Every structure is written in structure tokens, then in C-alpha cells.
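One structure coming up, written as C-alpha cells, with questions to follow.
By written order: A, B and C. Residues from 1 in each chain.
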């Protein structure tokens, strides 16, 4: 039982981080950002590039910082350029696809397609913690994700910056009118999103290792969390919970390689019956 | 010579892919990242029918097309009444799923090993054997597809699709059932991609999941955009580039994986440049309007 | 374009017993606590021009949106020509029933010509469905459509601009074009949202004349949202004033425009 809880928390950890990474551009910047898959990969590869020179901790900090800056620059230099266009959704999607190609293939060019791993602790059997067997790195992952959720919730729901982010997500024209710097808020959102993606990637890189195309599946999971749970911080956590339960239960009957299919079916069901997700934030429809 | 014929055949097949995607992306303005999944659906249908049964070759085609239409409608029903972003999201999910099916359903698809020995089409006694015969067969199919899409595009149906792209609310006020138009465009686009997949399977006689991944969907999409979305010849130009660029890069003597990476970096950059500075692509005519209000 | 029903209309106007073509019964629509439409009951007679006036935010456009199906009513009924279900119908079905509308922000397909815009509005074309598009005899169909579109463009007075792109027409001509599209659609009831706002006086005059012609010659019923009181005086058979989601006055133009309640509503 405790093991099931532990496994659930472990899956949730990854889903929640990529969920946040997808949530921020989706709500605040009103666009689908698939280059998140590229940022998920960029994080860990930057770690192994820089860690030999400045140590693991230094590498992690550099990687997260650099990815955050990359997200910031992309929003400022590319996405802002098309933000006033009629076809903004499509243009933004295409730009993110282009960036995804550049990021993934850039990494592949430099590192090749073999699987790397971020070396943390030596591989050893996990310890018993509260009745569940978890390795040190898995404990770290769960810990990091819990802290992230708490920090995210505090920042986005309680603090003023969070209120501004949500305001821009709901009605950016009104925000312009009351003097909020919509462009700046969007840059902030994109940067934080990229940062979360990098963290997610680094965690994955410590756990199962990394390849250049590692970002797609986590992105799909994160995206599903946002749809299933609703476009709020707690919504993503809720969606992550549902998805990991589904995965845990699913494993009993369905082989692990079909887990993606399960996730996608859940996604479709929610799109049909409850597109606003559990926490019910309004969904853009084709209407006035 | 045979190799040139092969390239030409590939160009035809990819033209069917880009032209069909153009109907959905260029004319209707609906973005899908699942085109390669439908391509694969057709390919695997034909391959499985061809290798595991004695059914005539067109059964594979029909199976692929029927499956494509069904899946297309499911996605449409789920998302077309919502903002078009949700349609894109659903197609992303569908692409990932189908790729997982191609990779993991070993019993049917042999997984990463792929299916070999797909028989050549046997059209009432004429076995399409040589590359030249393939060229004729596939060429005829391609021209038929091109005419099909074009007739749709210039008709009232096409006008409504483009109106939906520009202003769906206004188009509804004109009494048009926009859902029907969008879902039809999606179904036709997917079905035609499946057709291309079946042709591909029979031509190559060997398929594996690698050609049907999300990366390939993005490649086809970028070719439609760079070639010129919404135009008649733009997708053809896109297909030509898609097929010949790897060959051109090969002349530079680069190792194949480096070439593949460079190619995609090139496409990615071209896509970004295109969207920001020349949205109508190389030879397209639709340029996106810029909103003058801030 | 003489209408066979012209005599019938003349008769019914003189006997003052006209069919109610549109009726709303206790219509409610609220947004997040604000009551945009708060119990509106309205009956519009066929073949009349009714102006809907009121300050901004009174609920006029919201009323239009609910009647045409773009917003769903929270309570109440809308009945068009005896058909009750229309508050639950999709906008395109309502449009097909015979209700045409224009939008406050002048929606049109700008990259099409005037002619193509009107052609788009024509219902039930063979080329609308996939099979028809593929196999229909295009040239004949095309000629028929263009001829019909030209008729409407000529009727509303922009026939010579048929091949001009919609975005290149003047603002007033664009407004005329939106009316032409409603007519091509075959609408019997036209809901026009600010048809002369922002239009130069000469063209505004032309638009108003068109509205009168549509009522007299084509037996169309027209519901107009307008802020321009001169225009309202010129064309309306009846004026309905709204404020804060409710009808505050309803009657002949002269008495409404001089009513104290209406003037007060505007001044607030």
C-alpha cells in the first residue's frame, strides 16, 4: 500500500512539473508551446555539459537558469512578434514546433542519440521509507516536486505576481487598460514555464536517463494533466494525481508500453465531456 | 535510373500527403500534428493485410481509409466545438498513441522491426512490379488526389472552409454548419494520408514505425507552410523539397545522422523565418492579416 | 424585385392585424452576476421596422446574440414564426430559419470580393456538400450563383463594386454589403446592429432608404440597434428603449424619444 502511494507520488512528480511547464504559456500567453519538449531535453544536457567544470549543483543551477533565459528570449524575440496577428494561435504553434526541431536536433548533433544519465548517487537498492522502497534519487524527485508545487501554489495563488499572471490569462485587454505590463508578464510566464521544463528534464535525466527526443512523452503527460485537472496550479496537481492513479491501476491489467494510450484515452474523454477539467476553469469555445 | 524513379515516386507520395494536409491546414486553418499517424495507419493496414492475408490489395487501402475516417471523427467530435487549440492538442495525443501502437503491438506490427515482404499491388492481373510501373500507378493516384482536393478547394465547399478560417462566427451566422465542414475536411485529409500510406507500403515493401512519428508529422506540416499553405502548387513544392533535400545534403558527404539533424534544424529555422516574415510561404497567396489595434 | 406578398402586406397594415414574427418571453441572460438581459418580453410584428435604443450596456446586443443563438438564454423563450425551440438551436440553424444579422464590429470575409461574399451567403448550393463539390457541373452552378449575387448587389446599390475586395470598400459600402448577405441568405427577419453608425451622411441616407424599401417591397421585418436618433426617427415604426437589461419604454418614435424615462437613462 505504501509502495503504491510512493509510486503514485513518483509519477505525479514528473507529470506535475511538465504540467506547470505547459500550463503557463497555455494560459498566460494563450498558446500551445510544444518547444517545452525541447526545454525538457535541454535542461539535463546542459547539466552534463557544465557539471564537469562547476560541479553537479553548479551544473543544475546553470542549466535551469539558462533554460529559463532561453524561454524568456523566445517569448520576447519571437512570440511577441506574432502576438498581435489574427492567426496568432497557429503562428505560435508553428514557431514552437520550429524551436522544438532546432533544440532537439541541436542536442542530437552535439551529443548523439545514445542514452546518457546524470550521475548522482551510485546505483544501489532503495531504502525503506515509511514502508515503501525508494532509491535516494526517487526520494529527491518526490521531494523536489512537492516543494515545487508548494512554491508554485504560493506564488501563483497568493502573491500579487500570481494574481497578475492569472489576470493576463483571463483578460489581457482589460489588463492593458489598467496598466499592467502584459508583455512583461507573458515573458515571465514563458520563462518560468521553461524553468519548470528544465527541472522536469533534469529529474528524468537523474532517474531514467536522457535522449534528445525525451521531451515528447512527458509533455503529453503534462498537457493531459492540464486538461484533466483544469488550468490552475491545483488543477494540474489534481490531474497528475488522476493520471498516476490510472497508471498504477492500469499496470495491473495493461502492459506498461500501453500507458500512453491510457493517458490519451483519459485526455479524449475529458475533452469530450469536461474540457475545463476537474477544477472547471473556463475553456475557450467557438463563440462570441 | 531506378533510384531517380524511386525519388520521383516518393515525391508523388509526399505530394499526396502535403496536398491533403493543405486542405485542413491551409484552407480551413485547423492545425494537426497527426498527419504521419494517418499515413502510418494506411501503411500498416496495407502491410498487415498484404502479409497476413490473401485479400486483394485494395482491402488494405479501404481498411486504412475507414479507420482514418473513424478516428478523425472521434477527434473532431471531441474538440471542434472548442477553440482550435484543443483540436491541435488532441491530434498531438493521437499521434503519440498511434506511434506507441506501431512500436508496441508486436503481434500485429512487429514493433520496431517492422513488416517486410509487403506484396506488390495486383490490379486485375497487372502486378505493379517494376519501378516504372509503380511510377505510373502512383502517379495516376497522385494526380487523382490533386484533382480531388482542387475541385473541393475551388467549390463552394472550399469557399466555406476559407471563410471558417477567417471568421467562424460570421460563417455560422450565414447558416453554415461549421462543424460539418471542419470535420469533413479533417476526415478527407486523414483518409487521403492513409491512401498515401498504403501506396507507400506497397512501393517500399518494408515499413517500420520510424516514418510515422510526431517528428514526421511536424516535417510534413512544415513543408506545407514553407511551400505555401492554401495555394495549389505550394504543397507540391514543399513535397519536392522534403524529398530532395536529404539527397542534396548527402552530396555534401555528411554522415547520415548528422545530415538528418541538420535537415531538421534547417526545416525548423525555415519554419520560424517563414511564419514571422513570409507567412504565405514560398509560393502561397494567403498572407495573414496583421491586427492594427494594439 | 417586386414581391408577390406586397398586396398582403398592404392589406395587413391597413387592418392593423399583423402576424407576430418574433417573440421573446421573459428572456434572461446574465454574465457573472450582471444581468445583461433581465426579463425581456418583446413581440415584433411582421413587416415592421423596430428600433432598439438605449445607452451602452443596456443589453441590446446581448439580446441580439441570444435571439440568434450565439449566446444561450438562462431563462425565457424565443419564438420565431411559431417555432419555439429556437433558444436551444445552434446559430447556423437559426440563420437558416430566416433570421439574418449583422455584427457591431462589421464582420465580413475581407479577402473576398463583394460578389464572393454574397455568393458565400447563398444557401443550399450544390457545391456545399462534398459530393456536389466534386461532381457537380461547376460552370452552370457558378453562373447561377453569380447572377443571383449580382441581383442582390444591384438591389442594395453597390452593383458596380461587385469585384472589389471587401476590405477595399468604404465603411458604408461594407455595411450595405452585410445587409446584402443577409438578403442573399433569404432572411425574413433582419437584426441589424448599428447599420449607420460611423457612416457618412450620404451613404447613411442610402442605407436608411434601403431599410424602408426592404420593409415596403420585400415585406422584411427589421430590428435595428441604433444610437443615431435621426436615423431612428426616419425609419422606425416603433421604438423600444432598454436600460440595464430591461425594456423601459415601447411605442411610437416621437413619444419615446421625448419620454423622460428614456432621456434619464441616457444621461446616467
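As a working rule, contacts are C-beta pairs under 8 Å (C-beta built on N, C-alpha and C of every residue); 3 or more make two chains touch, one makes a residue touch a chain.
It should be emphasised that the depicted structure is a prediction, and the values quoted were computed from it without experimental measurement.
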By Cα centroid distance, the chain farthest from chain C is A
Pair of chains joined by the greatest number of C-beta pairs in contact: A-B
Centre distance in Å when chain A and chain B are each reduced to the mean of their C-alpha atoms: 29
Just give me the whole-number Å value for how far the CA centre of chain B lies from that of chain C. 42
Find the geometric centre of each of chain A and chain C from their Cα atoms only, then give the gap between the two centres in Å, rounded to an integer. 48
Shared interface positions of chain C, touching two or more other chains: 70
Among the residues of chain B, which ones contact at least 2 other chains? 169, 178, 289
Sequence positions of chain A contacting 2 or more other chains: 287-288
Can you list the residues on chain B that touch chain A in the complex? 29, 31, 33, 74-75, 77-86, 88-90, 92-94, 96-97, 100-101, 103-104, 168-169, 178, 214-215, 218, 221-222, 225, 257-258, 260-262, 264-265, 267-272, 275-276, 279, 288-291, 294
Chain B-facing residues of chain A, complex: 26, 31-32, 34, 78, 81-82, 84-87, 89-91, 93-95, 97-102, 104-106, 108-109, 112-113, 176, 213, 216-217, 220, 223-224, 227, 255, 257-258, 260-261, 263-264, 267-268, 271-272, 275, 283-288
Quick check on the complex: what are the chain C residues that touch chain B? 68, 70, 90-93, 95-96, 100-101, 103, 107-112, 116, 119-121, 123, 125-130, 132-134, 136, 138, 145, 181, 185
Complex contact set, residues of chain B against chain C: 148, 151-152, 154-160, 162-163, 166-167, 169-178, 184, 188, 286, 289
